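Letters A, B and C name the chains as they come in the text, with residue numbers starting at 1 for each one.
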């Protein structure tokens, strides 16, 4: 299935895109959302969501529980169809695309509640990420034609290479479902990376991790950006992680962006503090 | 006039399907299982009523409740012995078990009561007449048909009231939404599921008696095809929904009767099932069902 | 991280497919030997081809239920399509292709083609549905096929195939023959099926299913079973791969049906009803979901078992025993206490072994 290339959309600078890191500033953003919104039964779960992410930016999406962060991910990956607004992936409108096409176009993601192929091996999970990278036909698979052997070898090598980047090579032949929690989270990231994305969405990657594991994860995320040269958008509740590695942060509350900026700006933003800690009682 | 009589036949057949489908839908809603043994509980109910009326000369007014009691107990026993241990098991295991129970009931009936068909007496007569003649005898409405439609409406309304207003009914709805949460709220989930099976089985007995009374024919396999069709009706109307099962059952009965009358007697099953497929394609959750998207 | 606490799949996975071929070939040779030595009773001999058919049916249904993870209750419908199309082709080609093994092969291929066509027709619209809804639609499909075949009359003469809903409606010429006669089913069929053909069909089925499972498409199918949303998120099209699994499964069932139909001089449409679909599902579940070997063993044992029980005086109770066995096996194999007990036992054994090595 191929997505039809469209006329490159003319980029109109959105007022809020000024947070793109300097090194990405001359290039067009990898992702741009304009007035994105979705209604669930009349209730606007996300409204007027504007955001731009630079080519190699690590961006964070934070906000209280139920603010609509995962819904934004689901909109970007077309698990839900947006009610309003536009998503431009590398300047291309994803309006008519399905989840599968969006992935082929370059967005990969992980899930808040881990979604692995539990009954398959770790290696197979990564090979599934390579599904559209290393291809051969159904019949050459069934009748084991030469293309099968060649492509399978290629897929195996690539999978092992990716796994070894994350020190998971020795786990290749274990069932994904039998892995410990932390390894499962890492495997999900490896699988997403295998699809060769230009934008990686991480949904609460540090959930359930202790501080030392989180610190390790922070290094990993930066390493991913540096090795693969891609943009990363992550949802996270762990403020050490978000403030530590994100270059731009958007704060979501009740489906709306209430603040955007660098970690320093966000930390001191009174609106953000209010959203997290509640309103200060007015003194009489 | 023939058109009117087809409608009456269709409504009465549909009401039988609806009563079975109501039992099916309740059990599915709460246990999330395709209870293929449901059809055979119908058969057991009909046999109990048959022997009560013919061998023990009981009046219908006693025989029907007796059949209901026997089926209720049977339903609870089946649930306790065969389904309860499989609460945590994959749904396929439960399905196969249900099929095993279905075979068990059919073959027990065959051994106990022989495979030869029994001629079921008509239970619903007024002054010796089986049917009421209207328009100078041009239109005959059997009392069985009237009783069937009436019973179906009463049961549907009763169940709607029961699930909406009683403590037990609300517990059933809670269990069908989320068993773990219901348990945390102090609802006895096992007891609630048993009660659902009890109600479903009692309804099956009623349906069995009405069906055999209308078609005066009883075999150990009597229940299986109506069981499957009633399940179809439940899916048709939106499984888990009480008005849906009612609507699905009645529509199915009408479609089947009209196909038999105007298209082909032999192809009626094919048409019924084809309509089901078409409905599911247009409305994947059935006519009155609610489509719940998977949460990501 | 304790590496011992979870099991590596490497050794098991590499061996498994070849072992299945070996088992089938060994079984075939053993039966051939027994036949030569005249050790197989007549009733057993008559079961050889049906056993092959049921093994193929079970493996193919396992592809849908075990590998793809979608419940199908209408596998008998595809078998029916294959059986009747295979029978019709074999009768129609009687004079054109006198060589019976070739005619059998063509019939099986046509049976597979019709099975596949049925799979596409039902699969394209229906695979969007999930879980039990798919099950009920496949059930409905099986019933429709059965019902339609009970009404259809099909005959052949020098002008080609004729089809009608009445026998008189066939309008056959003098030399024509009616092949399918509505409720009487297919009659006057030359029995072409042989045990060797059944054996070869099993090997072909094994080749197709096992190679598929261990290929790119097979991985995608299993990924859809394990987690549809995750599969979509890595760019795997659910419709495409569900359809591939479903159609291959239907095609193999069609071939098995053709073999089955050509094993008897007459075949009734009611032979391929809901109960047949369920029977095959029972093979798959008892053999273990996704386990090809389990399907082979379960289909063989459960087809032969009733025949063996015939020798005892339990004819009346045969189905009752079957039902009880079914329930008990399900209750036992899904008993969590039992499994935790087995796991504890295995762990203790492993610890003892580990202790001895140190």
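Following the convention adopted for this analysis, a contact is a pair of C-beta atoms (placed from the backbone, for glycine too) under 8 Å apart; a residue touches a chain by one contact, two chains touch by 3 or more.
This one's a predicted model, so the numbers in the text were calculated from it and none came from an experiment.
Asks: Measuring between mean CA coordinates, which chain is farthest from subunit B?
Replies: Computed centres place A farthest from subunit B.
Asks: Name the chain with the Cα centroid closest to the overall protein Cα centroid.
Replies: That would be C.
Asks: Counting in whole Å, what is the centre-to-centre distance of subunit A and subunit B, each centre being its mean C-alpha position?
Replies: The answer is 50 Å.
Asks: Can you work out the whole-Å distance between the CA centroids of subunit B and subunit C?
Replies: One centre to the other, that is 32 Å.
Asks: Taking each chain's centre as the mean of its CA atoms, how far is subunit A from subunit C in angstrom?
Replies: 42
Asks: Please set out, as single numbers or ranges, the residues of subunit A touching at least two other chains.
Replies: As it turns out, subunit A has residues touching two or more other chains at 79, 111.
Asks: Using the touch definition from the top, which residues of subunit B touch two or more other chains?
Replies: Touching at least two other chains: 296.
Asks: List, in ascending order, every residue of subunit C touching at least 2 other chains.
Replies: Residue numbers touching two or more other chains: 229.
Asks: Under the definition above, what is the set of subunit B residues touching subunit C in their complex?
Replies: 28, 34, 82, 85-86, 88-90, 92-97, 99-104, 106-108, 111, 228, 231-232, 235, 239, 264, 266-267, 269-270, 273-274, 276-277, 280-281, 284-285, 294, 296
Asks: Enumerate the contact residues on subunit C facing subunit A in the complex.
Replies: 1, 3, 5-10, 13, 207-208, 211-212, 215-220, 222-223, 225-227, 229-237, 240, 244, 290
Asks: Sort out for me which residues of subunit A touch subunit C in the complex.
Replies: Residues 1, 77, 79, 98-100, 103-104, 108-109, 111, 115-121, 124, 127-129, 131-132, 134-136, 138, 141-144, 148, 151-152, 155, 170, 173-175, 178-180, 183, 191-192, 194-195 of subunit A touch subunit C in their complex.
Asks: Using the touch definition from the top, list the residues of subunit C that touch subunit B in their complex.
Replies: On the subunit C side, the touching residues are 65, 71, 125-126, 128-130, 132-133, 135-137, 139-141, 143-144, 147-148, 150-151, 165, 183, 228-229, 274, 278, 281-282, 285-286, 289, 316-317, 319-320, 322-324, 326-327, 330-331, 333-336.
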